[in-house]
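Both complexes shown next keep subunit A, but they swap its partner, so subunit B is in the first and subunit C is in the second.
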Partner chain A sequence: MEQRFLKSVLGVYVAAFVIFLYGPFIVLTILSFQQGPDGGPQFPIIEWSTYWYQQLFGLTPPSRIAPLPFGDALIRSLILSMMTMVVSTVLGVMSAQAFRRKFKGSSVVFYLIVLGMMVPGVLTGLGTSLLANNVIGIERHWYTTAFATHVSYTFPFAFLVMLAILNRFDASVEEAAWSLGVDPWTTFRKITFPLIFPGVLSAMLFAFTLSLDEFPRTLFASGRDQTLPLAIYGTFSVEIHPNIFAFGVLTTLFSFALLSVYGILMGLSVRRARRQAMQEDIA
Partner chain B sequence: MSTTALSIEARQARVTRWLLLPGIIWMALFLVVPIAMIVYVSFWTQTTFNISPKPTLASWQQFFSSSTYVDSLWTTIRIWLIVLAATFAVGYPTALFVGLFVKSKTLSTVLLVICVIPFWTSFLIRVLAWRPMLGKEGAINIVLMKLHIIQQPIEVLLFTELSVIIGMTQIYCVFMVGPIAFMLARIDRNIIEAARDLGAGFGRIFWKIIFPLSLPGVVVGAIFVSVMVLGEFATSGALSGRKVNLLGNIIVTQVGSLKWAMASVVGVILTVVMGIVIAGFLRIVDLKREL
Partner chain C sequence: METAVFRLEGVTKRYGDLVALDNATMEAGSNEYISFLGPSGSGKTTLLRVIAGFEAPETGRVIFEGRDITNLPAHERGIGFVFQNFALFPHLSVIANVGFGLRYGKSPQPEAEIDRRAHEMIDLVGLKGLEDRGVDQISGGQRQRVALARTLAMQPRLVLLDEPLGALDANLRGRMRTELRAIRERLGVTFLHVTGSENEALAMGDRVVVLDRGRIIQTGRATEIYDSPNSPDVAHFLNRFNLFDGTFRAGYFEGPFGRIPAPGARRADRDVYAIRYDRMRAVAPGSAVQGPALKATWIASEYLGSAIVNFFETDGGRVVEMEQHLSLGAPQTFEPRQDCLLTWNPEQAIVFGREAA
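And now, the complex of A and B:
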């Protein structure tokens, strides 16, 4: 009785919590349909329109409000996230694989890797640009210094995901392969990797999204050419228009699409694994 | 036989070393060395437009003799503590519901996904979205006026310390919910059943069983929130109208005016604060064991 009462109170609370979580996004979506080009980024809505969405795609006649300069920045960000995703996932799988054996100094190495997600981005960014700019004296670019800081941030996440996956991994299938004389690399490629693939996919997803939205590290370390978060930050200092809200809605939808692709791939690989297991049972 | 066993052992050790090496080198070069650089450059000599490696304590003295800089240290610590408490207070009941009260596995997954979806919007746009929420003619004031709860719009909501705290709480509270819900879901229901059979009320069960067992989740969540709040500068910059200056804001302005030495001093102070906070949390719970 007491418990049921408590559960309904908590249920109401969670509903309020979700409203708190979504409130800003709902307001943002409403305001993205503000009239243009004269409507500002605030209430009331003068007239509903899709002007700001059209402006993002260059479909409106030129007006006093310049379109968002996001094109190049978006492409740079996508390339950077891809690079970060690949390198940090490879590093994550390698290190997690190494951690399956006990070795001396393992907790030092563990904390060295995890440190990457514990140091605030503003410090990694500052340190890396000091190193490049003042001590060595090389130019900073998004694909060099910023890339280095991105990997040192996403690699720990990939590592932890893989560690959790490999902790639950049944090593007897590998041992079976070894005892049949298959060399370790082929065993990894043919046995281990397919089995941990769902985990690899999660690690990749983590690294990609973290890198795509990474801001404090990039701010100092990326030099002249901006990535997407830097371009968004640039609009903070000038006047804000509803086009930035429309852009936010669109990128969120894009993320949904990405999440769906991930969900489908995940579902497929789980189903394939189940089918294989069933075939083995029959055989 | 024993020699081959040994050589397999030795071979495996070598493989482990090669697997670890790239990661260790990467983290050493692009994480440890940069932090060491911050410490090193904080002792450099800064002139108006130049900086030279001649060692000096000038920037350190400047930091501690300026009330703006020292104040920013206290502001950072104050906002960090408030946001930490707020994310815990807002997040724990949600985690309790998701992790313990919801019986269906599907429903709790759905609720967690609902919590994560806002993260698919760019961080900076999420920060920006608070402006039309909190402003004098913002959504909160409109709703409260429509409901006749207030007659005049509340003006302290935007461009104050309060707006920074509200914004950060909303952006970071999910990092509390996740780990706590995870730990709560792992609690063996039989323990709670047993306590109830022995006549313990919910309050007693909560304080004696549920809360202590969820503590590792609270600590992990607190580490996440602390790392992000202590290094913040975007939320405070965008929602306070530059009235709230955190250590992060000072670093950004100093780098912007090429005062690398002063930026480094602030960086070292932030690192020290960070180190104390994380070491403190890690004393409560062993992160490696909880995985």
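And now, the complex of A and C:
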């Protein structure tokens, strides 16, 4: 009896969670099929159409509503996220590797790294911009100052992911490679890295997605040229049209595609690990 | 022993306050099979890891082929290591595992040579036909062989084996014992084999090194160790002796079995009387026996196939074992809680005493 009660409470809870998670996105998706160019960003749907999607790609005749000025911002954001992903993941792997041995002051260094994700983003952004303008005296750009704040923000995530992965890593395979006369660097490339690759993939995904929609740090640190989140925010202050919803749906689909690739790669390596564990039980 | 391939000189290794190796000194000849015996925590594995270069000792030197390798990194030592968990590379096939050192090691070989030698090793350990399997698609015994082949492919002159048979079932263990010996004899390399099993140590080693709390407490041929352990601890690790506390004075040992002469007692840090399980005899209580007589009650027996082990409890609550080989005729049978008198030929006992010469 009690069990059934608990189960239904948990069920309601999960349902509420799912609604809050996907509700906004579902509403946006529906509104993105609003009639154009006269339909507004609200219910009811006057007529279903793909007008706003066509407008995104410049396939509609010119109207009073200007196309979204997102082209350059999108490319900037993608490049910035890629750069951040590569640098943060490399740093994350390297520093987590260093933490496999206890060294003097390791706990201090640990907190210094993790601080990067704790400090309020607005402060980091503001501080970086002051540092660049008033102290060092350089211009702010999305690929310099903003890039630095993105790395300081996403590096701790990559670091923590890799720390967890390496924590469970059985070091005896590395020792086995050394005892075969293989130097530590080659051992890392040929043994350690392939085995921790699922973790590296997770770290990359974290760094990329966090950087792609980073707002507060970029706001102050990016200078003249805007990244995608800033550009989207910029359009809000004028007037909102369903074309921004259509754009949101497309970027979300892109994220899902990214997640699917990640899921497939992950699934492959997990299946291999499971097969191995099963074999061990039999043996 | 001809030329020493390998020597340890006063090696000490600490982990914080724990002394894992205490001034260990030993030597190994070429083409020798040495097994290390000791309880867990005795420093056996640490010893191997120091030799392999995975751990650095605080003091002492490691000499290999006439060279001081104490500060040489592991990958430059040319010493093979076989792990208890095999530590195979899970993302590589059997043949890629075996060829790994040849391909990426100090002196990379041409592909054809790697292929030839890897196949040769796979044949040697009897894995022909499994070359392209993943290491997750073979059995435990086969993995053990891959680990061995991978190490031997590098043609090391010294191979360290860390409880290599520990993860296998009893049947396979027996077979691998024989094969390990055969493979070693064919290649003429020196094996240092760590084991927690006294049977394995005695069966496999040309020489046995007994460790306790980080110290090497006895070194000798298997028969020497078995017939004359030099301390109560060694006798205890061999798991073949009933050990009794008592007092040794003026050539006599006084224990729970009476006061009996003990000529040829050895000096030790405490007084202990050791008698092998298979030297014990049980007679009816009240029988006239000369020499030691220990009152005990029968508790249980264990059938081992070739022998029977009877367990008795003495008045002091100690368990005493008696082993009877079935080849010597039908074994005695006992009733539960039956009282007996245990006796033995005192000349076959090994006596340790503080006052012994």
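Worth a mention:
Methods note: the second predicted complex is superposed on the first by the 267 of 283 C-alpha atoms of A that agree within 3 Å, B and C clash if a C-alpha of one lies under 4 Å from a C-alpha of the other, contacts with A are read in each partner's own complex, and residues count from 1 in each chain.
Definition applied: contacts are C-beta pairs under 8 Å (C-beta built on N, C-alpha and C of every residue); 3 or more make two chains touch, one makes a residue touch a chain.
Everything numeric here is computed off the predicted structure, so don't read it as measured data.
Once the two complexes are overlaid on the shared chain, A:L10 sits against subunit B while remaining clear of subunit C. Once the two complexes are overlaid on the shared chain, A:T149 sits against subunit B while remaining clear of subunit C. Contact with subunit B, but none with subunit C, is seen for A:V135 once the two complexes are overlaid on the shared chain. Once chain A of one complex is fitted onto chain A of the other, the partner contacts of A:P184 extend to both subunit B and subunit C. In the superposition on chain A, contact is made by A:G121 with subunit B only, not with subunit C. Note on subunit A: of its two partners subunit C and subunit B, the one contacting more of its residues is B. Judged by the touch definition given at the top, the superposed model places A:F20 against subunit B, while subunit C stays out of reach. Comparing which residues of subunit A touch subunit B with which touch subunit C, the overlap comprises 184.
Subunit A meets subunit B in the complex at residues 2-3, 6-7, 10-11, 13-14, 17-18, 20-25, 27-28, 31, 41-44, 91-92, 94-95, 97-98, 101, 103, 107, 109-110, 112-124, 126-131, 133-135, 148-149, 151-152, 155, 159-160, 163-164, 167, 184, 209, 213, 215-216, 219-220, 228-229, 232-233, 236, 240, 244-245, 247-248, 251-252, 255-256, 259.
Interface residues of subunit C facing subunit A in the complex, by the touch rule stated above, are 52-54, 73-81, 83, 85, 87-91, 100-101, 104-107, 136-141, 143, 147, 150-151, 154. Across the complex, subunit A meets subunit C through its residues 170, 172-173, 175-184, 186-187, 190-191, 194-195, 272-273, 275-276, 279-280, 282-283.
Considering their complex, residues 12-13, 15-16, 19-20, 22-24, 26-38, 40-41, 44, 51, 90, 93-94, 96-98, 101, 111, 114-115, 118-126, 128-133, 135, 137-139, 142, 170, 173-174, 201-202, 223, 227-228, 230-231, 233-234, 237-238, 248, 251-252, 255, 260, 263-264, 267, 270-271, 274, 278, 287-288, 291 of subunit B touch subunit A.
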